[in-house]
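Chain nomenclature is as follows: A, B, C, D and E, assigned in order of appearance, with residue numbering initiated at 1 for each chain independently.
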């Protein structure tokens, strides 16, 4: 009762009302728009990614996400099911006999989202811009091989190479950097790598319509799209860093589907699957989860230690208990289903006794009363670096820590967010690195090529393997395998390279990973695409 | 009648004090004898046993790596409580001499001291600790360093205030006039006068220190795996908290109980010391 | 009054300088050579030449105080450097994340006031009664519960089980409720106790006896006399809490995926994005200091003793 | 020889809140010169804020005057090294107004009174206790009180304890800073009587600072009136109290209510 | 000749409970007060005077309680009134002038708001009218610039001014009784007189009954018609002012009178030990420990308040014996 009479309380209430209205005023307009779009019956699907979509520039890397680049920009050719190269922005192409000249006949009905024409000139301009920063794209061997680009006429584009390079077409399907932005997108300096884009103009089925950094991005259907138009009008991509948050949001219907690899933990996937309320899907194996040992470090330089680590790893336990049996055990660096990767080797089966023996031989002896092995008074401590935004890596890392502990190996876990993780990885500041292969269309040739380059967009493997005496030899073989025109020699070299890597035990392949998809029952058309990083947004539909 | 209520209230306070000190002693006991009390090795990973319910082998079940939760909780007492006590101890080690020094000497020394305090206290303390850990890198040592470096000012300032309060008292002036040396004045008059307040302060605040440590660990910046720490255990159990809420519940309850026990104890101690003073006057 | 504000503003200068010195030093605590760290995070191999070049460029070879003044000059122009990670300027990043955090903390402040004010008043009036005991329990629970744990409990029960609120992220007003409530929760207890203690102290003041002796009604005495005076320490306290709340926001934003300063701060720590860490600390401390200034001014406005006698 | 000579004492306090604030100063004591003879009680009377307590602190050596010198037993008090100062301190003691805060509540009466003795003499514990008990008897308390704590005593008794501590070293001069003002009228008389008696016995000199002209009149031999840091009037013979002329003195005098009924 | 008393306090006993014990600081206190008369109560601190005053308006602190007795005001037992009834009496009928004006006002509110809220609580008038009244009464108290004073905060005024403001507030409601609890203690000696003069004016102009409480005999002497001396919770002596001054009977009163040293330099011998605690624990003479006349008769007798002669009451067995003689 006295509240009414009290001046001070009244003042407070007034203040609070003002405050409240301020907060309301500040609150997001996005939801209003969401609601509005629901009202006008347009179809919207919402999903989430771990990070921001970035500046949406196909010619650069981090912080760009593959999936968003693929939504807006397109390539000359498309990587179809089973690795079949399909026409895309190029209707057809001719390859010269010596394999050094490629002539592309472009589609004539393609327009950029700003209505400008897609033609050979803009293709050349994009290529040339990319080639200006050749060093940065070193990992794409094709770029190293390009000698000349030429617009023969308005819709014909010619690529001349230094050598005949067998994966040329395959590399043209890559999501980055060989995709095309419109004329108006180029910065004044014309250098898209250093100065970014003026605006995001692509030919793809989606146009970025609203964007709030680190919160969400809204893509609207490109009504002028030349190909099959997407079924939904809008895609909302929310940024949710944490896997558990993602699952919660999905359960609360704030997300329509979950898609990707490592975006949720296996436990959550299993939980969602078991609940029976949602549809779940698991793709064919795409890439290999693997540990990489740093051969420059004191302990892991020793072949015996690496072997011991291989033998001591209980892959089956990981697959049974962490992956719930959903992923297949990996014994080789690349899934044997790929071209050239089916090799005949003796897998390192789980054998603790063998591991202990190897460690003893390497000089790392158990010390009475101490938990960890020592050599010359130094504890056997290995730094294990993994990516903290991947929801699967952490549980494996902790498992490894616990399991190796039994052998007297102290694993120090270092988890870092994506960007820092890769930086640290490239610097080689770790003993064991959690990594994975790149999946098709990159595996195996681009992945192996990246082993040979130390550029920032190569692989951390380059540095990691520097400690191997055979390193030079391996690099040369990889260079050779990419350029050889002889199918048989190529096959032989691949077998040779992969066997050597297996024999040196620098990798510890764990399992072949798959993409997961979880979606509500009103969602359809969520099929896995050939490229792992692509999200099937064109086929998706919502009821 | 009134007296009865008073007595009851006093007893209630005593009860709280007794209960809270039993909890605190129990926790310290757990920490000291963790290796005897824990049924299992807290760091022993057996992935095949993961996320098990309570059983005779694992009284509270296992976590996502098949480690015994009870054992981890018990060993967590060691890390959480031990770190908090260490941090508090270090802060006192710095701030008691400095606070007394600044307060007693006064003048320019005090002025300088106060300006340093003002500056350090202009930072939100948790943020500064966080930044320090961030820059020095995560880990137990850096965590302790960051907390002590940031928070000692607060205590030094409070202690300085206490000293100033005592210094105002005429018995200090009288002691000076009596020719008592400064050091003796500090040891005989000032220290005893503030020490009970400092003890109360320590007990009232140690709960906050425990919370801050577990918060940093929760963010992954404090104690590193596989060492068991409650805040980290909560973070670890995040992925499972819908199916296995107990995973998150247990360490949370542990933190909660310890902190509330310290808070209650501090409060009761404060009241008890007040009552003594009043009582002394009436007798 | 205005003289008081001017004076108070002037007193900010040394504190701001102090803050800037400490934040400046902060960056020099990085283990190893900052130039190497910079190069590594920029993905440039830290060769001797590159390091030497960068040291020259960043002025790292200058004496520390010269580096400081150069840095300070830039800071004054709001040039806090570039984020290693996003390659945006630190200032832009901060602005981007500022509004959500302000929303969060303001709403939390709102909750603190509307919840703890009435409870504090009532428990002081009915001291020793069940309602006072109850508020005591609330107070203890509130200060003893870890924020992050409370956050999850709230999500689990209110959001997942009862489906009352959206879980995460920023969007509607409903999104704001759980995070700000979580942030506020830890402070509610403190303020209930603070207000209660302050009320009780004032209830025993002679001016209350005199007010009674003049025949004023109980509610008049409580609201016009006691509350008006008791609220003053609460106002000061809220100002102090604001800084801690910025710290608390770090945790709450992490739990609720709230895209504010806290999240920016944590991710820049995890990414070792040093300029960002430095910028955040500097910025939040300045906000804190300004908040305290505002509180002081408000306080002086509310308390005539300060308003009319200028501080002492 | 005069026991205490003050020459042109001046003391100004600076008030400042922060670096940037305009400095304000208060002249607490302006240019005061006084002389106090052996065995004499000098009363300093004035309203609150007239600077008399500051003067007391300066004489005690707790504050340094900005100007002028304090000669105690012929030595400039503010010009001594710590050893000499300690030596001189023996002869210079104080009794404060607030008898409660003047004793450390955590120490026993015995320890309190023994404090000055311990600082200057090395005595066995038996001797020390003997001395303390003697002192207690001197001030009219029971020797058994040695082991009691201050909280067990009333204000008047505590003031006796303070006096006991002050005379423990047999000083030459005791500064009584409003020493009886906080006490009940009855107790005031008792303490004043005690002080008068001790003065005779130990040949003490007093500097009796008070706002209460009646109390001063009761014990002092001569008197100065202070106002706003200055001595406005002084009197050598207390019999002539009524003849004080300065308005401030008049005001002080007139404020004394006659002890008889009905003024109006 | 005697008027009907407007306030009668009868056998008042107050207990105070501390965490350790229950004390009885006020015992068997009885007195009456008439309109236009001043009853003075003298006693040292802790003698129970303040509690007696507060109990009249039911303002005792939480831990104090009236155990026995009644307080009649205009044939109404104040102790049995409801909270609302007593509230209407407070200020309007019986007003209090508090000991220390500096802390009796709320420092964060202006004089005006104190004044107006008091008037408007009891009288159905507007703020404007109340303000006019306030100015009027402040003027009556000889306060310069009453309008400015109203705008000021308590801490901006001196103690003497505040005391006069308090009296003005009290007067504005024209109460029948004013309880003045140590009205001059906190004031400079120079202000004492003025305040006393104003109280006297009040008594004469409005025919108000005043209960004047002080530890200072001299203050009481200036104003009171009748004086009661309290010691250890009891009224030990009560008589018309002149009678008391001329013929003090109780040993305590006698000592009290002797200690008025005034401007004399006569040495007073008074070395009786001071009491450790004036809170009486048993039903024995409270002055026993300090009394010079005490002997065995004092230790066992039933304490009675006896009319020594007309209107002169004493509570001392020795005095009674002397009548017997």
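Note that in this section a contact is a pair of C-beta atoms (placed from the backbone, for glycine too) under 8 Å apart; a residue touches a chain by one contact, two chains touch by 3 or more.
These are the chains along with the protein names UniProt gives them: A = Nickel ABC transporter substrate-binding protein; B = Nickel transporter permease NikC; C = Nickel import system permease protein NikB; D, E = Nickel ABC transporter ATP-binding protein.
Nothing here was measured: the structure is a model prediction, and the numbers come from that model.
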{"item": "Topological distance between chain D and chain E, in contact steps", "value": "1"}
{"item": "Middle chain, criterion being Cα centroid separation", "value": "C"}
{"item": "Comparison of A-C and A-B by number of C-beta pairs in contact, larger one", "value": "A-C"}
{"item": "Most remote chain, CA-based centroid, reference being chain E", "value": "A"}
{"item": "Length of the line joining the C-alpha centres of chain A and chain D, rounded to whole Å", "value": "86"}
{"item": "Distance from chain D to chain B - Cα centre to Cα centre, in angstrom", "value": "47"}
{"item": "Distance from chain E to chain C - Cα centre to Cα centre, in angstrom", "value": "52"}
{"item": "Numbers and ranges of chain E residues touching at least 2 other chains", "value": "none"}
{"item": "Where chain D touches two or more other chains at once, by residue number", "value": "152"}
{"item": "Residues within chain C bordering two or more other chains", "value": "14, 160, 220, 224, 228, 270, 272"}
{"item": "Of chain B, residues touching chain A in the complex", "value": "43-48, 50, 64-67, 220, 224-226, 236, 238-243"}
{"item": "Contacting residues of chain B [partner chain D, same complex]", "value": "168-171, 173-181, 189, 192-193, 277, 280-281, 283"}
{"item": "Chain C partner contacts - residues on chain E that touch it in the complex", "value": "54, 57, 59, 61, 83, 87-92, 95-96, 98-100, 103-110, 113, 117-118, 121-122, 153, 155-156, 169"}
{"item": "Touch list for chain A against partner chain C, complex", "value": "1-3, 5-9, 12, 16, 19-20, 22-24, 26-28, 30-31, 63, 213-215, 238-242, 245, 248-249, 251-252, 254, 388, 416-417, 419-420, 423, 426-427, 454, 456"}
{"item": "Chain B-touching residues of chain C, taken from the complex the two chains share", "value": "14-15, 18-19, 21-22, 26-27, 29-31, 128, 140-141, 143-149, 152-153, 156, 160, 243-244, 246-248, 250-251, 254, 265-266, 268-270, 272, 274, 277-278, 280-281, 284-285, 288-289, 292"}
